[in-house]
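Sharing a structure with you now.
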Amino acid sequence: MAVIQVQRKPLSLAERTYIPQVIGGLLTTIKYFFRPSETLQYPEQRPAIPPGYRGVPTLVMDPHGREKCVSCQLCEFVCPPKAIRITPGSVAQGAGVDHVEKAPQAFDIDMLRCIYCGLCEEVCPEEAIVLQNQFSMSGYGRSEMVNHKDRLYELGGTLPDKHFKWDKKKAAETGAGGHH
Amino acid sequence: MANFFFGLPLMVQGIAKGLAVILFIFPVAAACSMAERKVSAWIQRRPGPNRTIPPFFVGIPGASILQRLGIFQLAADGGKFFFKEEPLPNHVHKFYFILAPFIAMIPAFTTVTVVPFGAYLDPEGKVIPIMLANVDIGILAIFAVASLGVYSLILAGWASNSKYPFLGGVRASAQLISYELSMTLSVLPVFLWVNEPGSSGSLSLARVVEFQSHAGFWGGTWFLFTMPLSAAIFMIALFAETNRQPFDMPESEADLVGGFHTEYGAFKWSLFFVAEYANMIVGSAVFALLFLGGWNLLPWLPLSSLLEDLHRLTGSALWLNPLVSGVLSIAIFVAKVLFTIFFFMWVRWTVPRFRYDQVMRIGWKVLLPLSIANLVAYTVGIYFLQG
Amino acid sequence: MNLQAETLRKIDEVIPHYPVKRSAALPLLHLVQEDQGFISNEAIEWIADRLEIQPINVYELVTFYPMFRQKPIGRRHIKVCRTLSCAIMGGYRTCAEFQKQFGTGLGEVSPDGEVTVEFVECLASCGTAPVVMIDDHLHEKVDAARARELSDKIKGEAKTANR
Amino acid sequence: MIQPASPDLITVNVDGKEIAVPKGTNMIEAARRVGVDVPHYCYHSKLSIVGNCRMCLVEMGMPAVDPASKAPVIDPATGKQRVNWSPRPTIACATNASPGLHICTTSPMVKECREGVMEFLLINHPLDCPICDQAGECKLQEQSTGYGRGYSRFIEQKNVKPKRTLLGPRVMLDDERCILCSRCIRFSKEVAKDDVLGFVDRGSYSTLTCYPGKKLENNYSLNTVDICPVGALTSTDFRFKMRVWFLKQTNSIDTETSVGVNTVVWSREGVVYRITPRENGSVNDTWMPDSGRTLYKQIREGGRLEAARVSGSVADLESAVKAAAALISGAKVAVVGSGRSSVEEQFLTRKLAARAGAEAYLVSRVGQGDNLLVSTDKNPNVRGALVTGLISELPKPSLGALGERIDSGSVTTVVSVGEDLLAAGLSASQLAKVSIVYLGTHDNATSGLAKVVIPTLTVFEKHGTFVNQQFRIQRFAKAVPGPSGSSDDLVVLSKLLSAAGGEALGADVGSLWPSIASEVPALSTMAYSNIPDTGLLLDSSPWSTLAFAEEATLHFKPAAAAPKEAPRG
């Protein structure tokens, strides 16, 4: 690829005195001086969160209020800063979610480590961990910056489910696929 | 009241005047810092500090306006500086380190005494300037004392005993020396013109204003119009002398952390900035006096004519009262000073900072030759004009 | 295991017919079901023991073949064909009629213990569909009316038997 | 072991590579020898072949010969003998190699076959991977990445089968995931000899089950979990505990009995989650007893010694060693070694006993064996004690002789290396007469009575070797770090030895082995790092006259000459 030498344009005398430029600059700044402020008054006014925003990772329930996470630990595996720590456990039989069997006993996300990359959301096969709109987190100590399971569900709430995977399974059990 | 004051012993008068200076300069300098923040914010289309309000002010009508102007923020900052812990790094030369900010205060407070900030009409209709010390050496006193200010920066930089402050101090000394020359040379034509050959001369600033108050075209015009080059050189040098952008070499936040004050904090740090703003105020005042006609409202409209016109128009003798005339003149003068200070801030957000070598080049290779040429040209001009 | 002497004799006879004892499992299951009407777990274990295999191996067979029953049935076994021809000709209606007559569900023993009604696959008499097999007797062209007739007959026989 | 006579070798061609294999090798094994992996589910090298998963379909061909003249048919294009490829695929597991056999595992037909089989297998397989413990080591998962479709053409509802059925106390069944390979059934029948599993309701609803009223509870039931290619059978102990991809695998040895079953310890961040068998064709094939799989629980069991104690008060290691040395020097000492210690520890114990002029004893543990992988000798390393010279004859059933010597006052200090003397046959009154130095992992009656207690490590927390019943020396490695406060047995023993005035020997296996090799004749030609993963058979002739307690196990036959000794614990 040929290198094109760009000749710098020689400055005119007016430009070299620097004065027209300064005056032009002064005019520009004084113009802005009289324009209204663009600042968002943050705590009172909230910014519009664009779709796909990656806020604090949370755990969500499905519309039946059932926890979606099955503690497959893929997020723990994929998490680049190793912020997620899961202790798996089994769901008691007869809890109404028999097809799930497994749920996290403990689910901790260390927000001091989290880099909001969203890989956990990407990898989650159950769409249980979602980076939502919450963007501000604070605490008085390191321990307060670790979100435990109950806090994660509190932050996450319930999201509409597109698949109803486990409901379909239940329908299959009573329908054609059942073991009659 | 005036009689009572002048009846007091000289010592008490001096102390009272000194206290008046301190009580005036401190709040005004602080207010300038808030003004700086607000002007910066508005130029950048931000609101600036607008949230602080003491709880017991909430709900009082008008307090919210003060809140939005950041007045309470100013108080809070001041209070903070008073009550903050005074850090004293281990490696500094403690005596000089503590001394430096106080030295910075000396020129700031001293120069203000020879600056006239208004005038009143005495019963004979004579315009008497208001100033703390009407000395004949006026401008010389200001230059002499103001140039002491650099010592505080050098001292701070050196006493900090670490490299960034040291570099800041060195730059400060070089810069201040460089620009002092052009500054002094740029104002010489003014005094050459003011003091006609043969008459009894004075370097008092009040005399310069008096000169700009004469009748007639040449008499009433401001020196800004008759000596634009002088005004420009003086203004640029003033920027450099007060370490304002685009010449803030000693501080150089981008490359020297904080320059000479890197190691300073809390009250000592704030003293430097009070001094800087005091310098700015004095500098602006001097510029207003020299080139903007002092307390004259408009060119060719000196204060005395203004008051007489008002008297004639309204038919009220009140305008000729010394007190009213004094307040009016101070108001006019302060307005000019404030505009000049605003101009300082305006330029700060317009012109990017110069590199150190550019600062030196502008000082020695542009401003100095220009001011010398300017001086020679006006000297010759004045010779033919007055000669 | 209370097997009839005749069944035991047949069992003893059939086992040596096979080179491997295990191969006799199916005939034995048939014999035991003929004898007892169904194949109980006890019967599975007895057969496994007899053939020197594990009960699970016999159990696998029993669960695979639909004709092996693991529950007792009624005294009469009504088998209604539901393969294509019979289904087209009304096999389902016939079956429903039988269920109505005896007040029982599909595959259940009727409340009086008399019959078990079941669907079966092709009984190989498509020309005379729908067909029904009651115990070992094939009844052809059994529509709903004929089903009622047969039901009445069974009920009548039951009464005389009980008397 | 006795090698079979050199088998007849035949030449087969796998994907264009010629390889000589013994006659009777099936096509999967033949392909494996040239590094070609034929996917399979039901085939297992140690079980009978059923050929019911159909995953191992390959193309086979035989060299073409003229039917009349039997002369090879040469392809004029290549100048080589033509191959008559069979028009239909063959299952590789059930087809044995024959001379000149050609196997093709890469043809489009084979790929299509595998894709077809995978699609059928996956039709009713639930989308359970996130909650399935097999995920990560699941053959179905692996093959479906290679041959799966990525989407399902099956729009009907899947079969729903029972999900958590307990087959036995240790095995949980998820019928939906079962692909009916029948490995578990064959294992129970052929290896464990406990034929309780079978498929019932064959057809769309085929279900794996136990015979009603029976349970899969033999001591080998967890092997069915290991060989299950999918997540149908899971261990109740490991179920939902940790995903396998987080686990670090460390080779170890089952310390349960003298069989020396090769194992893998799976741990994460210092916590052991499970133990599985490791293949060793000369010891345990691919099996291990269930009882050995829970041994890791001792690591976190209560009663773990946490700090050295001198006369009941907590001390640091140095002062404890000093106090122990003071008890040893000048006293009449007896050393009770352990058949559970590693060869290296037994060597240092021997040196310590020699230094203190003490007689060494070993605690015998003889119990019930099952002639498979649990032998009658419950000490994993009695032969190590013989090899290192700690003892010269087999341990007596009880420590009666030591008890007599204590009673007679000819022993005043007893050093116990991990053995509970009270349980080994000494009485409390006898123990009261002597000063005891106890090195061990857990609190017990002896540690309560001991003057000096020094906490040491379990087998999962240190390196070492054991000599099993075949005189096979096998290595085990450190899987997890020991708890704070405890020290490596080797460190403690070597410090004790030098504090008692003995020579300074290495305190880890690497630096200790040169000394072992120079002093132990049976190990003279060996180095620790040279012992292969499957162990090294030692010359057992010096001890051929001893009457070992073991009965036959999977790969061990007791020497015919040795008379059977009666005692059973």
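Here the chain labels run A, B, C and D in written order, and each chain numbers its own residues starting at 1.
Everything below uses one rule, namely that contacts are C-beta pairs under 8 Å (C-beta built on N, C-alpha and C of every residue); 3 or more make two chains touch, one makes a residue touch a chain.
As the structure is a prediction and not an experimental result, all values here were calculated from the model.
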item: Chain nearest the global centroid, as defined over all protein CA atoms shown; value: A
item: Mean-CA-position distance for subunit C and subunit A (Å); value: 64
item: Centre-of-Cα separation between subunit C and subunit B, whole angstrom; value: 117
item: Mean-CA-position distance for subunit D and subunit B (Å); value: 89
item: Between subunit D and subunit C, distance of the C-alpha-averaged centres to the nearest whole Å; value: 52
item: Multi-chain contact residues (two or more partners), subunit C; value: none
item: Pairwise touch network: line, ring, star, complete, or other; value: line
item: Which chain pairs touch, all of them; value: A-B, A-D, C-D
item: Contacting residues of subunit A [partner subunit D, same complex]; value: 70-74, 76-77, 88-90, 93, 98-102, 125-126, 165, 168-169, 171-173, 175-179
item: Interface residues, subunit C side, partner subunit D - complex; value: 41, 54-57, 59-60, 63-64
item: Subunit A-touching residues of subunit B, taken from the complex the two chains share; value: 39, 41-47, 346-347, 349-351
item: Residues of subunit D touching subunit A in the complex; value: 124, 126-127, 129-131, 135, 156-164, 205, 207, 239-243, 245-246
item: Parts of subunit D lying in touch with subunit C, wherever the complex brings them together; value: 189, 195-203, 210-214
